[in-house]
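Step one of this worksheet: look at the structure below.
Each chain carries a letter (A, B, C and D) given by its place in the written order, and its residues are counted from 1.
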Amino acid sequence: MSKGVKIVTIGGGSSYTPELMEGFIKRYDELPIKEIWLVDIEDGKEKLETVGKMAQRMWDSSPYDVNVHLSLDRREALKDADFVTTQFRVGLLNARVKDERIPLSYGMVGQETNGAGGIFKAFRTIPVVLSIVEDIKELCPNAWLINFTNPAGMVTDAIIRYGKWEKVIGLCNVPVGAMMAEPELIGKTLDELVYAFAGINHFHWHRVKDLQGNDVTSEIIDKMYSNDSGIPANIHDTPFFIEQLKQMNMIPCGYHRYYYRSEEMLAHMLKEYNDPDVGTRAQQVKQTEAELFELYKDPNLDYKPEQLSKRGGAHYSDAACETIASIYANKNTQIVVSTKNNGAVPDLAPDDVVEVSAYVGAAGARPIAFGSFQPAERGWLQLMKSMELCVEEAAVTGNYGLALQAFTMNPLIPSGETAKRVLDELLIAHKKYLPQFAEKIAELEAAGCIVKGEVAKDLD
Amino acid sequence: MSKGVKIVTIGGGSSYTPELMEGFIKRYDELPIKEIWLVDIEDGKEKLETVGKMAQRMWDSSPYDVNVHLSLDRREALKDADFVTTQFRVGLLNARVKDERIPLSYGMVGQETNGAGGIFKAFRTIPVVLSIVEDIKELCPNAWLINFTNPAGMVTDAIIRYGKWEKVIGLCNVPVGAMMAEPELIGKTLDELVYAFAGINHFHWHRVKDLQGNDVTSEIIDKMYSNDSGIPANIHDTPFFIEQLKQMNMIPCGYHRYYYRSEEMLAHMLKEYNDPDVGTRAQQVKQTEAELFELYKDPNLDYKPEQLSKRGGAHYSDAACETIASIYANKNTQIVVSTKNNGAVPDLAPDDVVEVSAYVGAAGARPIAFGSFQPAERGWLQLMKSMELCVEEAAVTGNYGLALQAFTMNPLIPSGETAKRVLDELLIAHKKYLPQFAEKIAELEAAGCIVKGEVAKDLD
Amino acid sequence: MSKGVKIVTIGGGSSYTPELMEGFIKRYDELPIKEIWLVDIEDGKEKLETVGKMAQRMWDSSPYDVNVHLSLDRREALKDADFVTTQFRVGLLNARVKDERIPLSYGMVGQETNGAGGIFKAFRTIPVVLSIVEDIKELCPNAWLINFTNPAGMVTDAIIRYGKWEKVIGLCNVPVGAMMAEPELIGKTLDELVYAFAGINHFHWHRVKDLQGNDVTSEIIDKMYSNDSGIPANIHDTPFFIEQLKQMNMIPCGYHRYYYRSEEMLAHMLKEYNDPDVGTRAQQVKQTEAELFELYKDPNLDYKPEQLSKRGGAHYSDAACETIASIYANKNTQIVVSTKNNGAVPDLAPDDVVEVSAYVGAAGARPIAFGSFQPAERGWLQLMKSMELCVEEAAVTGNYGLALQAFTMNPLIPSGETAKRVLDELLIAHKKYLPQFAEKIAELEAAGCIVKGEVAKDLD
Amino acid sequence: MSKGVKIVTIGGGSSYTPELMEGFIKRYDELPIKEIWLVDIEDGKEKLETVGKMAQRMWDSSPYDVNVHLSLDRREALKDADFVTTQFRVGLLNARVKDERIPLSYGMVGQETNGAGGIFKAFRTIPVVLSIVEDIKELCPNAWLINFTNPAGMVTDAIIRYGKWEKVIGLCNVPVGAMMAEPELIGKTLDELVYAFAGINHFHWHRVKDLQGNDVTSEIIDKMYSNDSGIPANIHDTPFFIEQLKQMNMIPCGYHRYYYRSEEMLAHMLKEYNDPDVGTRAQQVKQTEAELFELYKDPNLDYKPEQLSKRGGAHYSDAACETIASIYANKNTQIVVSTKNNGAVPDLAPDDVVEVSAYVGAAGARPIAFGSFQPAERGWLQLMKSMELCVEEAAVTGNYGLALQAFTMNPLIPSGETAKRVLDELLIAHKKYLPQFAEKIAELEAAGCIVKGEVAKDLD
């Protein structure tokens, strides 16, 4: 890295890229970037060019001399990279629309990282990310891979478990949101509190202490019930039952709503799904993205527009930039990341990927040992991690029985004939991106299985 | 025991008692009983007398001189007992009707040992069983406790964990059923197969080998899909998905249907619930029981009537007799029991109670080490055991937050406002039997909470 | 096996073979043997022929028609075998003499299965047994492998771990000895007691209950201190400290003397070593064996001679015959065996081989879950198992650093320069049987390392 | 703490106190101390006054207004303390002389924290420290306890396990020494390396990475064999075997020499023991201490004298000051501490105290998850921790059998009659400080057991 840092972003045509650029510009002093490569696929070429030009304008208006290279050739870009970030979406937003609408058409949660949709996002993404890892091993074996492609936990786990690549850190913006919102509830700043997170991606809990070492989690919980903060924009704000939170004396992440308030979350999603003026989250995001790209086309725009912050993933890219800078400058910043457990969560295996508070520096993420959970959280966590392991193995092997096991275990999918129907329809709907399941899909099609969900018609 | 064995049956007024007597008579040579005490409570006095006389008649028609004592005084009966069996039902069948109909009235599974009903059966039963354990410690400290009161797994676990009483074995008839039905599917007898069960009560799996040491589980699975045996009478016979069973290469117990085919099981239960001519299982059982007691009144009946076998719990009492005889005569019979894990299921803690194949002899149950499960079964099992631990602790402490946690974790209870409503209504409905929750119940009543489920009116 | 059982014994020229024959003849009714193959290597040809003829005479004087085939061609013999037993000794007794005398010449324990000698027996044996496993996979893939080649624990573990062969049971006669000697100490027969063994081969403990379920371990311990039974012939009879046994409330195996009374055991071994009229154990055994083979040459001897019982390994072969019969006839006999843990000893990994009470039947050995040990025994056991894992890996890879790690961990080898010297001398002394260490041995020889122990001269 | 920090040092009369003062003065800006209480017992009164005056002079010559209070009344001193440090030595150096010379007189390692001596230091110290904890609970329940009384690992573990006090951190200077010595071996500064320590006190290993994330442990090992640094002053400098270190790819702590090079360490200790001009370590320290106290008496000395650095425990007090400042100012400094495992070392139980790299801040020490060890280190560590647990329980209960178990397990004590003799003599020699063993000691004395080691005469 002596001649300056080379960063490669796979899925560079994403609307998030300007946030990433802003993060790098802000940290240039500690992270002296030389070149940035934005990589995308043919289907994303137009967006890549739009956002790529915008990115170059941002650097040009900064005091730093950084070139933004655009490429459709991943291997060319990866050569000698120092950091690779992944933010791609296999099948683009249309695939997400299917992940949402097909389950919802059968009355089940349809969501990007949870339930049937989350499982299929993993099925599409894991094989691609493993092929990227093979390229990294060959072309830039010293690089760190910073993954924020969802489902970030399973993807990171698969990179280590199946890709045998340990230099990876998975990121998520959810913990950042909690730490931004909660302190003021009890009249503190973040600097005045000590946060400890543990669990898995989109399924973690945290505890908080003050600077006298006193646990203030219970105090924050009390305040949350008069002041409804700390909830990511893309999660409906049904409150948790306070009796439950007081019993656990921890604060769950927003996504726990799907599991702790299934009834209300499903009702809300179905309402949006059934309202043609609203639509599911992916449909809303498509609209937001279209607007963002219109803005990006403005040749005078050379800074991250305000509107981007309203996109659900705010702070994602900032977390990525901070992680990269912490590794590069050995800053030992405390960040909540997906990384190999190593015992930090004793209720899971040492080689499982978990999402925990960690200190990030030159040696990567060093997770802080959290200790054992009480039975309720332990049981949930062990179920969810086991489900992830089934999903990952099915994603790698194309084993249908295992996919069905994952569906059956998933608490957001009521097991039975309809669940199997949804599994089969999603296989067919995503056929193009699921070569590992080709044989089963052919068998289903031969048996006359078709996508009945009303989303199929306009998306391929 | 030199002067003959003394057996005490708590809940002796049960309709199952004749099966128990039959089992003892059959095994008199290896288990020389001197006296049997049938104990029940005031509310069960009439049934106790009916079935008690019937029991004495059975012994009188046998070659053996055994006295059947009837008592409403548990402590008098327990004095110097060698074996204590528990088959009582706190709140009788009416309580079970509420466990079934209140959840079903809100569209959720209502069942004796699963879902909300199973949790409340544990809430009512555990405090009573712990008070029995205290009596045993004082009055018959050398006795073995053979529990077949449901939920047998949680009750047995609580006896060891909270009662600190290790001389207990929990029993269930479900494994017996599987072993009676499956061998013929592949043209074998039970003697020609080696069964290995592991899991927890009503949530276990088994594997089968033949005498050449070959795994024949897969072969049995294949046959199950042309011949639908091996399913206990009280479980609707929706088949499992064969792809799922082939993937796990184990056979789940019948109760797994609630978890692997939730949609169909719920639909079936709701259909029965809504049909006034059918009713829920408890209502059906009430009818069967009434008929049985009519039979028992016949002063000429001195053998177990055929009709008893049709009652769901067939083989329960036989399993109990075999267990007692195996302990007494150190027979080392292989029986599937609920007992302390000790590592037999490495995915759970060594001090958790599990249900496993064990050799039963003078030293009690010695579980056979089963080894680790694959992720899918492991995750399910860890979730369910953790839920049980929450239920037990709530049963002992009356902690409402923990009860809510158990409800939230339970896969048969969709979390949310309705679940909390069901929890609250069940608390009120079972108020009489839940002194540990008295404070919370008073609070709920003060807030105007009432049982809205249509079952409440005629059952108290 | 329809046409009768075929048994192959590798190391068939052993002086134990008549005991094996006696055991098979005794059990013919439940184990209908058709043919027995005794296999040995060229160096053992003479002994094989002597003992082979003797074996055939034993069968000829029985009512059964069984042919004893002698072969120097292992692969010819293994074809279609039903059971393979291993009782060979790589390097014969001369190698054992070196294992004993080289460490002793430096003032360290020199013993067949413990300390430096035990480690080297594993180094020589494991590669050979793994090559046998490869032959079994090819030539008799349905066979069970019954191993009583020492160190039986490590050899059995290596067969499963590195050979990937699960149909193996390791046997040892030590537990048999304890169960034969102890009951009478408290005026009981073995039938009146329940034994539970757990640990690893030559390093296990046991607890005993009576038929009322009471723990009588402490009572046996008390009696052991007035009546010194239960100690295998080849272990000097220094008693354990009674305070230690009472604290653990378990009975260690005889080999624990090396660890619990190191001072006295070493002194005793050095005394024998230094006395030219006594010599180390292997030297004594050589004498015994020579005498036995003289007896076997007698063409009129057609039964196991009394003298064989005085050889240290009495009951070994009987345990093997019982194990084979139990598998064949699915007898579910309780036998203490080396087998995969599967959780039976929760303090070790589920896939470690342990030595535990197990029920042996058609599905092999099913270990009884023993539960966790208290800290003292747990710590010892975890150390010893870890040491075994180092030894096995070094045996497979020839990794010198790992061999040194094993030496350093081994409680019977005081670490330091002398330990390293002993390691190096043993490598050179056993050069012929350690191809995996060839490179290191060459390096040592190039550096002038020679065997200084006075044993080397006459043994190659 | 609003009015300034109150620090109480139990064992304040120690010769280390000036180093502690220096550390506090240096950090005054981040740790605004108001008062310091030095507490000692009657026997240490003279030393307390000497070092206390010296301490006050050090503060008086600083810019800060801090009062140093001297007290023989622990409870008076503890009132409202913010931090309590423990550096006392039960029985003073004379007790340590016995811990060293009695075992050595029987040819065994005699050492402050290892072998028989270390066990007896724990026996004397743990009851005292637990009584201090009771005072803290009553008099200063918000205080942090910073323990550097040896054996620091067992003492810290006992505080949490038996004292039920979680606000404790145990400290040791050994890791500091390694981190000061090693970087220059490979031409780096400490800032350019990432250290990861794990194990237990005086029995840990570490790995090192550079700022590119590459493991450089092996490189350091190579350099250690041409440049012999990194070894604490009180450990003889026998090198480890390089083959062993390369195999483990970790660097052991200096105390591992006792275990990895037992032969040479013992020989060295015996040489010093037998040389009247040298004497054991405690005897050398007594001499050093006498000289230090002479210096301290100089009314003009107002700074830490150079000679103190030559005392073995250099950096101990500095580590303590840094720990206190890190807690107070939530600095999140990386420090190697003894703290509750919480999974950081998955090979030990989550509630065991371990010694690991941790981030220290307002919430105390947050250990960094290290991950599982390989078999060799795992086995050693599990043995040693189990031995510690036996020692602690024996220290609390006075159970002689458990003390004997600990002696038997300890790798530095060859088991047998002599070991038992040493145990018994040490019990008698330390009788005054071992009330928990009073009954056993009386029994030993009644049986005529006396201290034969030649040290006893002049030390009481």
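Some points to look at:
The rule is simple: contacts are C-beta pairs under 8 Å (C-beta built on N, C-alpha and C of every residue); 3 or more make two chains touch, one makes a residue touch a chain.
All of these numbers come straight from a predicted model, not from anything done at the bench.
In summary, no chain was found to touch both subunit A and subunit B.
Graph distance from subunit A to subunit C, where chains that touch are one step apart, equals 2.
Subunit B and subunit D have Cα centroids separated by 55 Å.
Between subunit C and subunit D the centroid-to-centroid distance comes to 44 Å (mean Cα coordinates, whole Å). Contact of a single residue of subunit C with at least two other chains is seen at no position. If each chain is drawn as a node and touching chains are joined, the picture is one closed loop, every chain linked to exactly two others. Contact between chains, per the stated criterion, is found for A-B, A-D, B-C, C-D. Interface residues of subunit A, counted against subunit D in their complex, comprise 1, 142, 144, 167, 194, 196, 209-213, 327, 330, 332, 334, 340-346, 350, 357, 359, 361-364, 366-372.
Across the complex, subunit B is touched by residues 241, 243-244, 246-248, 259-265, 375-376, 378-380, 382-387, 389-390, 393, 399-402, 404-406, 408-409, 411, 414-420 of subunit A.
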